[in-house]
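Paired with chain B in one complex and with chain C in the other, chain A is shared by the two complexes that follow.
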Partner chain A sequence: MPSDRRWRSVLAGLNDYSAALVLICLLGYGALRVPNFLSEMNLSAILYQYSIIGLLALGQLLVVLTAGIDLSQGALLALTSITTALVMVKHGPVLGTLAGLTLPTCVGVMSGLLVSRLRMPSFLVTLGTMGVARGMAMQIANARPVPIHHEAFIAFGSGTFLHIPISAFVWVVACVAVHFFLTRRAFGRHVYAVGSSEESSRLSGVKVAAVKLTVYVLSAFLCAVGGVIWTSRLGSGSPVGGQNYELESIAAVVVGGASLFGGKGRVDGVFAGVLIFGVINSVLNLSGISPFWQGMIKGAVVLLAVALTQIRARAEAQATVGMADA
Partner chain B sequence: MRELALYREWRQRRTADTQRIFTTLLVMVALMALAAVLSRGVFLKPQNLLNLIFQNAILGVVSFGQLLVILSAGIDLSVGSVVGLSTVLLMIFQFLGLPAALLLTVSIPALIGAVNGYFVARRRLPAFVVTLAMMLFVYSLAQVISGGAGIYSGLNGAPLSPLLVSFNRKGVLGVPLPAIVWLVVLAGVALFVRLRLGHFLFAVGGNERAAFLSGVPVTLVRFLAYVLAAVLASIGGVLAVARVGEGHPAAGQTYLLDSIAAVTIGGASLSGGEGTIIGTLMGVLMLGTLNNIMNLLNVSPMMQPAVKGTVILVAVYLNSRRERG
Partner chain C sequence: MSVPVPLLELRNVSKAFSGVEVLHDVSFDLRAGEVHCVVGENGAGKSTLIKIISGAYSADSGRIAYFGRDVHHADPRWARGHGISTIYQEIDLVPALNVAENICLGNEPRTRGGNVDRAAMRRLAERLLDEIGVSLDLDASAGSLTVAHQQMVAIARTLSVNSRVLLLDEPTAVFTGTEVEALFRIVRRLKDQGLGIIYISHHLEEIFQIGDRITVMRDGRVTRTGPVQEFDRTSLVRAMVGRDIDFSRQSQAATPGEELLRVEGLTRRGVFRDISFSLRRGEVVGVAGLVGSGRTEVARAIFGVDRFDSGVLLVRGVEQRFRSPRHALSRGLGMLPENRKEEGLVQSRPVLENAAYSSVQLQSRLGFVPWARIRRTVRQVIEDVGVRCASTNLNVRSLSGGNQQKVVIVKWLAARSDILVLDEPTRGVDVGAREEIYALMRKFKADGKAILMISSDLPELLTQADRILVMAKGRIVGEMPRDEASEEAVLGLALETRREGHRAQ
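Presenting the complex of A and B:
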């Protein structure tokens, strides 16, 4: 059936932008049907919260592209937050931020080494480092939040430029940088190669262990950046925050079209995936839907998005077969 | 010839399993010896050992379900939420009488497991994402039913059945009932993996394509694993109600990560097809012993995740080293 085949190839063509399409539909719904959705306050609230998830998702994408997973992200966010606050109280904002960026990155190095050198499964390694990081954060803070009084530092997190939160700029810059490296540099190609087939990459001379180590370190570093922004916006360091953020970042990556089996996924998809969750969240809140129901709706969205990815994958396969026929 | 090859493969798996169990056993004995020394022998008293089994019955039951799913090369992130939902369901349905309440408490999660199984086995979606979505969904469902807080009576204010209230205090020959439930589940799961379907579980997890080509009903086997995991999680929920007399959506939060930890500490591989019941049993007891030790040593609850995380890392390292060596 030619019409059927054409329909399938159209579907496959839309493939790359379906997350963006869903986002546009949601934005349209929000703008037309939900009062106050387009207000500056609401839009910047979405950006404040989800630019941090966005930074995490960017790191998660890198790890997922190599067929791994990073469960330690939420705990690393908390570790960053508490380290930053504690050091800042004694030694000022510059050293505080540096310490906050360094310590979680070291934990990332540990995860990366365990996964790449000892070839342990990433799920369990990052489950372990999640416990370690969370325990460290709780212990050094004595399980209490640490308030910060540096005006300049706090201003950074809740500051805006051209009415847009600074954190959103940080996220966009990080997205562009990661996109550039993934698409225009050898490193990016190696990331995709390792995720598609580790064995072939190794045989083609890709330094698999180095690539894997790098993605876990980058993921931890991006968590740390998110954590610093988060801390500065909160005005205090919190050892209990960031619970389940890793699940949100994984969900955003998957909704953005990446495959958990590695080798497939793009920054623009993940960007849209993060905003999809932000917009859904905001629409649900503004429509006065009880938070109890929101989990159900989010769960359904994740499932639907993945089901869609799979239908797309099939359509793609059939479209390719169709082209081979012609 | 084919029989011989199958026999060889079976022998190899048996040997690998034996080695794996041996490593786990060594670590467990070491941990228990440590506990015995730290507690000056109190740990080894029969009463305390019984307590260890008693206290970890819920995690034990949930972990067996997780093991079945992990054997099929999947993962079930929804078990914790299902435990929570089951506690809420059991409480809510008290007004129907205990048997009907139990039936509903087990069958609704079975349905949830079936949905997981449908998407993973039939639609072939990644288990991680499907069960992640289900985790959010089920938790939210439990919150909607319970109003977000703990509930202590059924609809119409029906109180908790007296049998459940006194469940933890009763026992057979000195063995508390929750421990007996755990042992019954253990026996059931042990029987299951010796059935044809159970053998298929290993085949599907080990090499799905080979299993399919050998005529194994791959979809059915994987589907069943998710249903069983949810049913076992709901039994865990029943035990949780018996323990605290409360239905709460968050009652099962710790069981998700702990069950995965127990199964993998017990030597199962997350890539499927490898793992033993006895290993998982030891994994659960090790986590229990570890908690016991940390309490004995007055390790602050804040440090406990760090200690647990380190133990997971060490156990997985030992397993992965043996696999390559």
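Presenting the complex of A and C:
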């Protein structure tokens, strides 16, 4: 029945953009009910913090699409931060930034090789590299923050263009790039293929190991980019930064509609997912709600998103059975 | 007429795994433009042969020549790149990608900038589907297609790499009649284009329909090769199993006893409705119908796997509404699920343990598992049923399909189930084991058990069931005793309603 089919496709469309709808509702609530929500300072604050989570979430999306998970993200951010600061103090901002981008990416190569070549579970591999990266950061920094005095470098992190933080532009550009990579490049389509059915991909001649290696390297690189911005804004390198950032990025990816079983997920959903947490965070802060409540509320949002996804998947499966008989 | 150079030739190929020889001195050749069927029981060595040709395994000894040139490869990518394509039994599409993307996967047309050229990809996909005479929605995700359509996509994909040799491993395992016809049209078309096709199937009728030559394997050796005209059904089966099997033998007519199971008006919204039938001691009731007609779903609802919305289920005259399979088990029901690999067995655990899963609860005392006693009972049943395994400590995975099926049956016997629901009991099972499963069913009947048998194999239903229920679109559309049933009558009912359904839409 055509009308039924149209209804179903409308529903599917709603599903595809449910994260965006939730975001719009939250923004509406914030604008109407929360004083100072729409102030430039508050909106900038959201973007400063969440564009970094957003960069991590992009990397997390790539890994999650291959049915993996990257727990090392927060630690990689800290490793970037401390490496950048230490090298910068001696050799200037250019080399500092380069070093900050390189070292964590190498850790990403290690995770990627362990997952793709030795076929170790990503959960355990990145739990391990998380420890390695965090430990390394603490060791080289003697567990102390390293202040940075390069004005130009600091200006980049807290700078704005057209009243919008530069970090937000970096994030948006990264989103567009990853979206383009995932939808237009053969390699990007292979990311979906590997996550959806690894064995089929292998038999089709997809270079499964290369795809897996690449997503961990890209995830680490995006962490490093986020880490450089974070360091620049903070004005110092910190080995304890980025604590639990990987959990926020996973949450954003899930709320953005990606499946932790791989093969399903899109950049626009994750983009909305990140902003959802940004807005929730801001609304709760402005409303003076205690951080403990905030933790509980954010946790509940993740649980709700996962529950809804499950119910939806089950309803869809039911619908297919029904169709076969109809 | 000169003998054409074979496309592919294997000479005296042997292969052993950890000392056990699975291929012994096998010679085989494939010519351009022929369909060469390979038949044999499970474990005869067909899969190993296929895997050596497709490059997944390397041969221990012997020669392989492709276009007259020797190859020493064990590299699936090399084989694919040189035109040897395999369509595996488990269809290997990527569910998340659409039809066009699946056809071009690993081989995507690129623009000059290196991006995927979507327009070119669609054109290529369309042309390849056209080549096999199939039209499909290029944007549909592979996961949403029927198995038959998925297979067609898989075949179209092999053409995107200019295949010369196509291996089809049990391509029709879950096909309906019309789907088989469609596949045959494609196979004939590819044959006319000069491809050599290796076709593996348990369905002997198909082999006589589509094959040009047949190679029969048994115990890792080739027992006979020849043009299809040299074989008939009996001689083919004899070559396969080394003995005669009489397929026409019907089970004894039932002398049904008391009613063990009765369902009245069983309904699950959107899945099946108004299902009523009864099952008596010493009776085999067959359920026919197309894939998707709701047969499996009814079985699952009876066994407490899924809920039903309304209707009555009576077991031994007492109304039941099972909350779980375990609940059903405690009332004497047992089910052999359609998909034994995933639902019937725990592949990575030993035979003994698998066979004991359902009875552990019944036999335990104060929560302790009396392994010694369970081992005794299970060993006894395994022997009765005739499961062939070197040791009951072997993992189920290492058993052949037929023997795995028997382990599931053992599991329910050990739990003393006397109402058995068998969903496709002989799917993917070789001829010899199939006969043994039939013998088991006859024995169950004699022992006074009741069997509900779902099957897509009409000859099987017509010889083994006492009564046949025909399902279509989630409803029972007909019931007939065996004497009045014929393939035409059953299929007619199953299909006729289907067509009406389409009109109604």
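The definition used in the following text is that the second predicted complex is superposed on the first by the 303 of 326 C-alpha atoms of A that agree within 3 Å, B and C clash if a C-alpha of one lies under 4 Å from a C-alpha of the other, contacts with A are read in each partner's own complex, and residues count from 1 in each chain.
Keep in mind that, in the parts below, a residue touches a chain if its C-beta (ideal position, glycine included) is under 8 Å from a C-beta of that chain, and two chains touch if they have at least 3 such contacts.
Because the structure is predicted, anything quoted here is derived from the model rather than measured.
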item: Which of chain B and chain C A:147 touches, first, second, both or neither; value: neither
item: Which superposed partner A:263 touches (first chain B, second chain C, both, neither); value: second
item: Partner chain(s) touched by A:28 [first = chain B, second = chain C, both, neither]; value: neither
item: More chain A residues in contact [chain B versus chain C]; value: B
item: Partner chain(s) touched by A:92 [first = chain B, second = chain C, both, neither]; value: neither
item: Which superposed partner A:123 touches (first chain B, second chain C, both, neither); value: first
item: Touched partner set for A:203, first chain B, second chain C, both or neither; value: second
item: First, second, both or neither for A:159, with chain B first and chain C second; value: neither
item: Where chain A meets both chain C and chain B, residue numbers; value: none
item: Complex contacts: residues of chain B adjacent to chain A; value: 75, 119, 123-126, 128-130, 132-141, 143-144, 147-148, 257, 260-261, 264, 269-271, 300, 302-310, 312-313, 316-317, 320-321, 324
item: Complex interface listing, chain A residues touching chain C; value: 1, 184-186, 189-190, 192-193, 195-197, 199-201, 203-206, 263-264, 318, 320-322, 324-326
item: Residues of chain A that touch chain B when the two form their complex; value: 69, 114, 118-121, 123-125, 127-136, 138-139, 142-143, 247, 250-251, 254, 259-261, 290, 292-300, 302-303, 306-307, 310
item: Chain C residues within the chain A interface of the complex; value: 76-77, 80-81, 86, 88, 92-97, 101, 105-108, 110, 114-116, 144, 157, 270-272, 292-294, 297, 473-474, 501, 505
